[in-house]
Every structure is written in C-alpha cells, then in structure tokens.
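Take a look at these structures.
The two complexes that follow have chain A in common; it is paired with chain B in the first and with chain C in the second.
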Partner chain A sequence: MGAVGQAFGLILDVNVLLTILGSAIFGILVGAIPGLTATMATALLVPVTFFMPPVPALAAIVTATAMAIFAGDIPSTLLRMPGTPASAAYTDEAFAMTRKGQAELALGVNVIYSAVGGLFGTVVLMVAAPVLADLALGFSSFEYFWLACLGLTCGVFIASLTPLAAMVSLLLGLLVATVGFDAISGYPRFTFGVTDLMSGVSFIPAMIGLFAVSEVLRGMADPDNAATMPQQRIGNIFKGLGAITRRYWPNILRGNAIGTVVGALPGAGADIAAWVAYAVSKKFSKEPEKFGTGHVEGIIDATSANNSSLGAAWIPALVFGIPGDSITAIVIGVLYMKGMNPGPTVFIQNPQLIYAVFMAFIVANILMVPLGLAAIRGATYILRVPRRVLLPIILLFCMVGSFAITSSVYGIIIMLAAGVVGWIMEENGIPVAPAILGLVLGELLEQTFMTSMIKAEGNLLAFFDRPLSVVLGVLTILVWLFAGLNAIRTLIRSRKEAAAAG
Partner chain B sequence: MRVNEAVIGVLLIVLAVAVFLATASFPRIPGQPYGPDLFPRLVGALLGLAGVMMIIRGVAMTPRRPLVEFPEWARSHRAAGAIVLALASVIAYILVSDTVGFVISAAVMLLVLMLYLRVRPHVAVIASVATTLMVEYGFGSLMRIPLPRGLLVVFA
Partner chain C sequence: MLRRRTLLAGSTGLLAAPALVTGASAQAQWSPNRPITLVVPWGAGGGTDATARFVGAALEKELSQPVNVVNRTGGSGVVGHSAIATAPADGYTIGMITVEIGMMHWQGLTELKGTSYTPLALMNSDPPGVQVKSDSPHQTLKALADAIKANPGRMTASGTGQGGIWHLALAGWLQAMQLPPDAVRWVPSNGAAPAMQDLAAGGVDIVTCSVPEARAMIEANRAKSLAIMAPERNPQFANVPTLKEELGIDYTLAAWRGIAGPRNLPQPVVARYVPLLQKIWNSDDFKTFMNSRGFGMTWRDPAGFASYMAEDDAKMGVVMKAVGLAKS
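Let's turn to the complex of A and B:
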C-alpha cells in the first residue's frame, strides 16, 4: 500500500491540482473548437510538460485529452460540427436532437456518460495493467518483436479504412525512425552530415508538425468559421437522465466495453471506438428505425465508448511501450524523455507514478462534470472565437513548442518538414496516425528484430521457439494473411466494377 | 493537390531504390551477418512493394483520373496564398529569429498572417502583440526557454 499512499501525496499537491485544472480548461477549449483535436491538444501540451516533473506532466495530458474528447460533443450537438473526430460518429444524431428541442438532454447524456465511460476505462486500466505487466516480465526479444508487429498491424488493418495507404504511412514512419545512430552498431544512418540528426529525428517536433501544423495549414485554406450558435438558452441538462439510465443501462455497459477493447487495441483510438459502438448500438437496438432522427440510444453507446477508450489505450502503452492510440503514442515519447521507459519494469521500479496516473484519470473524470457543465453554459462564447485569429496563434505555439524541445531552430525545421509532409499525406488520403506509430515503435521493432536475428543466428524458426512467441507470432501472421486476402478480394471486385462501368 | 495513386506508387519506388543505394555504403559489423543496413532495407523493400500495389490500384481503379488534381481550395488564389504565406512565415522565422529576436519576428509573423486572413486591423494588432508578449513571458520568463532576444538585447 506504500506506493498508493505515495501516489496520493504526489497527486494531492497544490501545484499538481492547479496543473490539472489548467489543462482541463485547455482541453475543453481545444475540444470545443472544431478542427482542433485531442491529439493536437496533447501535442501542444507536451512542450509545456517537458519542464515539469513526471506526475504533473502525465496528469496534464490525461486531463486535457479526457476533457477534449467530451468537449468535442458540444459543437457536435449544437452546430453539427464535431469538435474532435471522436464525436463525428454521432454528430448527425445529436444535432437532430437539438433540432427537436432536446439539446439539453443530448448534452447531459454526453457529459455524464463521458465521465462514467472515462471512469470505466480507468478501472479496466487499473486492473489489467499490473496483471499484464506481470506476464510481460517473462518476455524476451522474440515476444516483444511479435508484439510490436501485432501493434503495427492493428494500426494498419483495423484502425484504417484504407490499409494500403495506412501501410505506406507506417513504413514512412519506420524509415524516419532509422535516422541517426543505429542502436546495435552505433553507425550514424541517413544523417547527411547533419549533427542534429545523429540522435535521430526529434520526436516531439515531428509530431507537432504532423498533427498540429498540418491541421493549421488545412485551416488556413478555409478559415471561415461559418458556425453561428443557435440562439438557444440551455436549460437543466440533468433533467430526464435518471429515466434514461434506468432504461439504457445495458447500452452504457456495452458502449464502455466496446470502447475499452478498441482503445486497448494498438493504433485504434476514441474515434474508431465511437463508430463501432454506434454501429453496434444500431444493429442490436429494438427500434433501429429511430436512429438518425434524434434518438438518444446510439449517443449513449458512442459517447461512453470514446471516453472509455482513452484509459484503455494506456494499457499497452504502459505495459509494453506500444501505444493504444495516437495520444498514447505521444505519451510514450514523453515517458522516454522523463526517463521512465515504458514496460513492465516501470510497475516495479516506479509503481507510485503508475498509481498517480490512475488517480489523475479519476480526478479528471470527476472534474469533467462541473467543468463540462460550465463549458456547456459558456458554449456561446467558446464557439464564437474566430478561427482566423486562432490559426496564426496556434502556428506560433507550435513553433515555440518545437523550439523548446531542442533549444534551437532545428526543432522548428523538423516541425515544418513534418507539417508539410503530413499535410500532403492527408490531402492524398494517407492517414498520418500510422506514421507516428511507426516513428514511436521503429526503434523497439528494429532492436528486438536485430537482437532476435542475432540470437537466432539467422534461423527464422527461432522466432517461434517459445510458447508465448508461438501464440503471438501465429496470431500476427494470421492477421497478415487475412488482410492480404481481403486486399486482393477488394482489388478484384473494384476491377470488375471499373470494367462494368467502362 | 491530389495526385493519382500511381504517381504516389512511383515516388515510393524511387524512395525504396534510394534507401538501397544509401545503405550500400553502411559498414558491416565484423563477424556479424546482420548490419545496420538490414532493417532500413527491409522497410525499403516493403515500401517498394507498397509502391507497386499503389500503381496497380491507381491503374486498375481509376484509369481515367488525371495524374494531378487540384481541389476546390487550390483553385482559389486566396486559399493557396494563405498556405504559401504560412509556410513562408515559418521559414522566415527560422532564418531571422536569431538576429531579430523572438518578440519582433513573432509579432510581425502573427500580424501578417492575421491581416491576410482578413482579421480587422485593430483586432489583429492587439491579438498579435498580446500573444507575443504572453508567450515571451510564459515560455521565456516562467519556463526559461532561451527564446532569442536579437535586437532587443539592449533591454535585457
């Protein structure tokens, strides 16, 4: 119990609590402004947390993301503009409720079940992570290699509608991860004589570029904030919630369960959790014909799912160092910077830090109810901030943040390059999230691969020598085979369609 | 700018070839069959494979799509100009911030971008100056990030 007590002390510190409050407000603002995502909130927060001790740094990220995912529901409900992609699955449904005069109910459902979902995900994280960490202590480089493969594969084939494009993105990330000193031989690769590149492409500026600068560029092309708040007074948002909870409690449980599973899968995050939960809700509903007409049922499932996925995404991140979504991909970068290399040993060496993260999740999700209420009341003001003023300011924050990490313009150069690449990729339908996954996991994948190859002396069968590596290896290869067959089938079908059309 | 998938495929193959050429000069570890070139080559080979698949898809699925397409925003000069200006302002900041200093470069950059986006002039001036001073205080003084002082060194 010593570690838990220590964790209480760490979190119940005035500075930590103030940091949590500040990042909660920041997260709500970023989430409520359409076009700014929870991942972007994390990216912009990291340079600030860089100078903090680990506990407030991680608590800030936990809080900001939880708030942003909920706050995305506000413009989604009131303006039919999802504040973050995680709200997109049920934007139409929520706006239909607003048009029926049920905006209060929709927002009340969002804030309460988001908080419940967040707590559910936290409980699963608290139970599952230590158990898995125990198991992971017995892992060798072979298991880690397969696990990294499995994580990347999930990121490509489950988390994306276009696996080929996602694979390209992932491979580009892996390639960039090889820049700098090679971990095995110490040879500097692809540095072109640039000293700054020897320690690798600086991760945080690259991520700020990919997630924030590319978004700013897209916004600059179309800065008009057409959003006009319907002049509507928001009444009591908690009215009728009791009846809804009694009627739809199975939906709440199901949404949370789906969100947790999707969140824990590497690569798939809150937005996919919401889409899956909404689709499942419709499929098993007793009245599916009401979906899309402003029916609360699907919103309950989906808004629970996107928040519960957040906590679950930390499970693979903390235990294996494999991110569950793009937010935890950034978190892993932060953990390395703080010298808390993610993996099962963190649970033994620094258990108080892990418990402090759990508590930050609980505090953040409880705080969500009063702050969420305030944000809903203040929505008229938040949504009126013009994007044309905001975009240049965000660009400046990106630059200062990148500069802060490297203390030189090298960070800004990396940020700019990544921003342009990310923007071009998204313009061409290539998602950027897999690239971040590749960038984060590249080193782990290469190191475990090389170590395993050297141990195996080239005998590939050694990759299947241990019982756990057999399970993980066979699972990975099955997913590959399935995905390959699926790709060929799609190609043949589209070819037939093209032939029929021409 | 949207390019045909086949074009992306060709670019990926070029990149894959470049990786193989660049790794050719990597040294081997004595007595070790696997050197620092193995992993980049593996990634390069997969990139090449993905490139081939992209070409097949580009040809099979969208035979009549042009090689390069410009979406709505690029046809408007204003929107394209905004992107070019944003990129140019970051490059300008990289080049001059060390000499001119953070406060002046940042304020000018914000002002130019906001005016281009048609923010009303008095709002733009207030927002740029206020943001710059806030960042200078928050990051520069509180977090002690060595933002370049440049010309304002006399006031330091």
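Let's turn to the complex of A and C:
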C-alpha cells in the first residue's frame, strides 16, 4: 500500500495537476483539428516531457491522448471530417445525426461514453498489468522471442486491411532496425563509418517523422482544405442520455470489451477498435437497417471502444515493452528516457510511478466531461485555425523534439528522412504503423533469438522446452497457419472471380 | 586536430591573462562567464546520468552559471567519450567518463584512453557481485565455484553486452580460479536490469552485475547475491561476503565514474573545479543520493584518478587479452 500512497502524493502535486490540465487542452486542440492525430499529440509532447520528471511526463501523454481521441468526434460530428482516424468508423453516422438535427445527442453520447470507455480501459489496465507482470517475471528470452513474433504477426494480419502492404512496411521497419551495433557481438552494421549510426536509427525521431512530418507534407501538398463551420447552435448535450444508457447498456459494455481487447493486442489501436466495434454493433443489432441513417447505436459501441483501447494498449507496453498501439510505441521510448525501462521489473522497482500513471488515466477521463463540454461550445474557434499557420508550428515542434532526443542534428536528419519516407508510403497505400512496430520490435526479436541460441547451444527445439514458451510458440504457429490459410482462400476466391469475369 | 586543440588552449591562456592581472584576489581564479556543458556518454535515466545530473546541479550552484547536462549516447560510449576528449580545453566542456574508457581501445573501437583527458575527480566505483536465482541449487559461492569446476561450459552468465565490464568481471574471476574463460558461457544482454530479469526467469544461471543494480530483484526475493569482487564488504550490503573471504581469491574489479575534461585543461580551471568537486563529494546531499541508489562512494584527486585509470587500464588489458576480446 506504500506505493499507492506515494502515487497519490505524486499525482496530487500542483505542478502535475497543472500539467494534466494543460495537456488536456492541448489534446483537445490536436484531436479537434482534422488531420492531427492522437499519435501526433504524443510525438509533439516528447520535447516537452524531456524536461519533466517521469510522473508529469507520462500524465501529460495519458491526458493528451485520451482528450484527442474524444475531441476527434467533434469535427467528425459537425463537419463530417474525423479529427483523428479513431473517429473515422462512425463519422458518417454521426454527421447523419447532425443533419437530422440531433448534433447535441451525438456529441453528448461521444463525450460521456468516451469518458466511461476510458475509465473501463483504465480499470482493466490496473487489474491486468500487475498480474501479467508477475507472470512475465518468469519470461526468459525464449518466451520474449515468441511474444515479439506474435506482436509482429498481429501488426500485419489483424491490425491491417491489406496484409501484403503491411508486410512490406513491416519488413522495411525490421531492416532499418538492423542498423547500428549488433546487440550480440557488438559489430557495427550499415553504419558507413558514421559514428551517429552506430547506435542505430533512434526510433523516437523516426516516429515523429513517420507520423507528424508526413502529415505536414500532406497538408502542404493540399493547402486549400479549410473547414467551414456550419452555423448551428449547440443546445443541452446531456438531454436524453439517461434513456439511451438504459436502452443501450449492453452496447456500452460490448464496445468497452472490444476496445480493451483490440487495444491490448500489439499494433492495433483506437482506430481499429472503433471499426471492429462499429461492425460488431451492426451485426448484432436488432435494427441493422437503421445504421448509416443517423442511428445512435453504433456510435455508442465505437466511441466507447476507441477510448477504452487507450488504457489497454499500455498493458503490453508496460509489462513486456511491446507497444499496444502507435501511441504506446512512443511511450516506450519516453519510459526508457526516464529510466523506467518497461518490463516486469518496473513493477518492482518503481511501483509508485506505475500507480501514478493509473491515477493520471482516471483524472484525465473524469476531466474529459467538463473540458469536453467546453470544447464542444468552443468548436467554432478551434476549427477556424488556418492550416498554413498550424503546419509550420508543428514542423518546428518536430524538430525541437528530435533534437532533444539525440542532442544533435542527427535526430533532425532522421526525422526529416522518415517524414519523406512516411509520406511516400502513405501516398502509395502502404501503412506506416507496421514499419514502426518492426523498428521497435526488431532488436527484441533479433536479440532474444540470438541469446536463446547461445543458451541452447544452437538447438532450435529449445524454443519448445519451457512450459510457457511451448504455449506461446504453439499459439504463434496457430496464428500463422490461420493467417496463411486465410490468405490462400482469398487468393483462390479472387482467381475464381477473375476467371468468371474473364 | 591536435594542433587546433593546442591553439585553442593557448588562446584561452591569453584570454585568462587579463583576469590574472585585474583579479581582486591574489590567486589566479578562473570563473566561467557563460554556461558549462557536462557531457554524459550514456543514456538519460541510467546511473551515470543520474550521478552526472546531481553533480551538474551542485556545480551550477557553486559556479553561478548554468550547467547543461547533455547525453551523447551511442557507439557503446564512444560517441560521448570522444565528444569530451575533442572539446576545446577551456573548462566550458567537461564530462563524466566511465570505466569503459580503459576497455574500448583494447577492442579497437577508439584510440581514446584515460590519458586523452585531464582527470578532475573520481566520484564513484561499484564492484561486481555474483548473483544467482534465490532458489538456485548453489546457495554459496563455494558451491557455485565447485559446480563450475565440475562441469565447465554448462552454466551461463549475463549482465551486459559482449566484452562489457561485467563480462570481464566473470572472465577475470574464472581466470583467477585457473579456469578457461568459457567455463561459464556468456549470454550478452542489454544491461543489468534485463539480465537480472532473465536470471529470475531461469534463463541464465549467474549475473555478475553490481549489487546495487541487482538490488530490486534481491529485495523482491527473486535473486540472491553470493559475493562481491571487492577488497572489502559494502556497508550497504553488509551480509554479502567478498570473493577473498569465500574462496581466498584476491580478484577485484570496479565500474567507476569520474569527472574529466579534455587533455591540457589550463591549471586555473583545474584548480577551480577540484575543490568544488571535493566539496560536492563530501556534502550530505551527495551521500544521501548515493546511498539511496546504493552506489559506492570513492574519491580520488586528479593525480590519484590518473594513476587509478592507468592501473585499471593495464588490468583490463590482461583480462581482455586472455578472453580474446582485445584486438592485437
């Protein structure tokens, strides 16, 4: 209990609370502006967190991302422009409600069930993480190898609609991860005699580039994209919520459960959670014909799911150092920076910091209701910020952040290069998230494989020697088989269709 | 490069001259008039970083100038160590150098060695320990040593990367027992914390990191420290015996950290830093900080630090050659 008490002390500090408030407003702004994502909010916070102690640093990220995912619903509902990709699944539905004159109800549903979803994900994180951490203390390199394989597989087959493009992206990430000193023998690879490359491509600047700079480039390529705000008065958004809660409580539970599971899976985040929850809601609804016409049911599922996935994504990140989504991929870097190396030992070494992060989640999600209300009222102003003002500011933040991480121009070069690569990839339909997963997990994969081989003196069967590694190994191979069969089936079907058409 | 450095050192001397004449005190006093950079060759959040940030904050108070702690990581410490050595020798760039400076040049990673710096103060040193899982079949160092002798090559150990300080600790210990360096197979890891986790998970048999690094796992009852490779016990972990007490082997080693500047730092600069560093080292705040982390307090003045590095360098060379890590 000592650690919980300490955590209370850490979070109830005036500076920490002010940081939470500040990052909440920042998160709402970023989320509400179409094109700026919650991942970008995290990336832009990195240079700021660099100068903070661990608790406010992590609290800032937790708060900003929770707010951004909710705030993405505002332009989605009012303008039919998702503020973040996590709102995309139900943008049409929410806008249809606005056209029917139900904008208040749609926004009310979004703010309340986002907060509830966030709290649900937090509770699961608080319960599951310490239990899993205890189990993970028994994990050796053999188990971690399988976990890394599972993580990469999820990133390609579950978190993506186009496995082939995702595979290309993943392999690119894995290739870049091999740059630098090889973790086992200390031999420099692909460094071309450049001292900076010896430590590899630092992944925080790379991630800032892939997510934020690529977005800036896209914005610059398409400058006339200013949103026009409909003249509409927003009335009482809490009207009718009581009846909706009574009627749709199973949807709330289901959305939360789906969001939590998808969030905890490596590589899949809030956007996938919302798509899955919306699809499931439609499939099991008693009135599926109403979906797409401004029906509130699917929104309830999806808006719960995207916020509950946020907390759950921290489970694999904290316990195994494997990111649950692209936000926690950056968080892992921040954790290392703060000396809180993710892994089960962080629960032994710094339990008070972990509990403080949990509390930050709770504070952030409670704060979401009043601040969300204010944001909905002020939406007209937020949505009027011109992009030509916004984009240079973002680029500036990206550069400062990358410089802060490496203390040299090297970080900025990495960031700019990654930005151009990310832009080219996305313009050609190749998702960047699997590349990040490859970059983050590449070293873990290689190192756990090599150290396992050293321990077992080259005997590959050692991967099935320990009870835990057998379970994980069989699970991984089953996923591979399933994904492989699925791919073959799709291939045969498309061949048949092509033959029939021809 | 060398010529440029002497030139810069010379020009600083010239600049310092007026201060010498007009200075209020009779003694030549160097006082910085712009911010100072303290380079750390290792990542933020680690032990070296924490120590350097403490020293930096204390220096800032003493010198009334900002001291910026800058982490120049990468290349197994080469990047940061060379940033300190190649900085202008004017006292505005100093750094925290670590035990690796006596190891890297043997591996052929860099030309830099202890003599590439002006030593200012040795602040800390931590000896390696011998850690096993708490339910290991070998509950004493004697039992562990016998098991290694009986079955050379069966057991595995970890604690750091290939050729890192804790790998040398193992190799030196085996050598002192007249065993070949591969009597215990080395499993490289990303540092002490992951190695300790692997130990608790049963992935390796021994971890030879320092006791403070193993502390969390020991306190969680997952691991146990059998001995330390130091001349005497650490008062913080008084129940852990030394190698000599247990096996009669007088083999010692330590990972150390100290403050140094580029070679040929002007005498007034050295004369300004050394008493300040000594004052910081003697302060209660520093003691509290070091004790809270479990770090060993060791002090050497510039001359003592230089001879300490020379001795350490030679000792490392012997072990690294024996293990085959040194490039000939």
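Please note the rule applied: the second predicted complex is superposed on the first by the 492 of 502 C-alpha atoms of A that agree within 3 Å, B and C clash if a C-alpha of one lies under 4 Å from a C-alpha of the other, contacts with A are read in each partner's own complex, and residues count from 1 in each chain.
Everything that follows uses one rule, which is that contacts are C-beta pairs under 8 Å (C-beta built on N, C-alpha and C of every residue); 3 or more make two chains touch, one makes a residue touch a chain.
Values in this document were obtained by computation on a predicted structure and should not be read as measured data.
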item: Fit-or-clash call for chain B and chain C when the two complexes are aligned on chain A; value: fit
item: Superposition-derived angle with apex at the Cα centre of chain A and sides reaching chain B and chain C, degrees in steps of 10; value: 70
item: Broader residue contact with chain A after superposition on the shared chain, chain B or chain C; value: B
item: Touching partner for A:413 - first (chain B), second (chain C), both, neither; value: first
item: Touching partner for A:400 - first (chain B), second (chain C), both, neither; value: first
item: Chain B versus chain C as contact partner of A:424, first or second or both or neither; value: first
item: First (chain B), second (chain C), both or neither touched by A:185; value: both
item: Which superposed partner A:344 touches (first chain B, second chain C, both, neither); value: second
item: Contacts of A:131 with chain B and chain C, given as first, second, both or neither; value: neither
item: Touched partner set for A:454, first chain B, second chain C, both or neither; value: both
item: Which of chain B and chain C A:388 touches, first, second, both or neither; value: first
item: Minimal inter-chain CA distance - chain C and chain B, angstrom; value: 8
item: Doubly contacted residues of chain A, that is, touched by chain B and again by chain C; value: 184-185, 407, 450, 454
item: Chain A to chain B touching residues, read off their complex; value: 48, 51, 164, 167-168, 171-172, 174-175, 178, 182, 184-185, 187, 189-190, 216-217, 220-223, 386, 388-389, 391-393, 395-397, 399-400, 403-404, 407, 409, 412-413, 416, 420, 424, 427-430, 446, 449-450, 453-454, 458, 487, 491, 494-495, 498, 502
item: Chain A-facing residues of chain B, complex; value: 1-3, 8, 12, 15, 19, 22-23, 26-27, 29, 32-36, 38-40, 43-44, 46-47, 50, 53-54, 56-57, 60-61, 63, 71, 73-74, 79-80, 82-83, 85-87, 89-91, 93-94, 97-98, 106, 109-110, 113-114, 117-119, 123-124, 127-128, 131-132, 135, 139, 143-147
item: Chain C partner contacts - residues on chain A that touch it in the complex; value: 137-143, 180-181, 183-186, 195-196, 198-200, 336-341, 343-345, 348-349, 407-408, 447, 450-451, 454-455, 466
item: List of chain C residues in touch with chain A within their complex; value: 43-46, 49-50, 70-76, 78-79, 82, 107, 156, 158, 161-163, 185-190, 193-194, 196-198, 200-204, 216-217, 219-220, 222
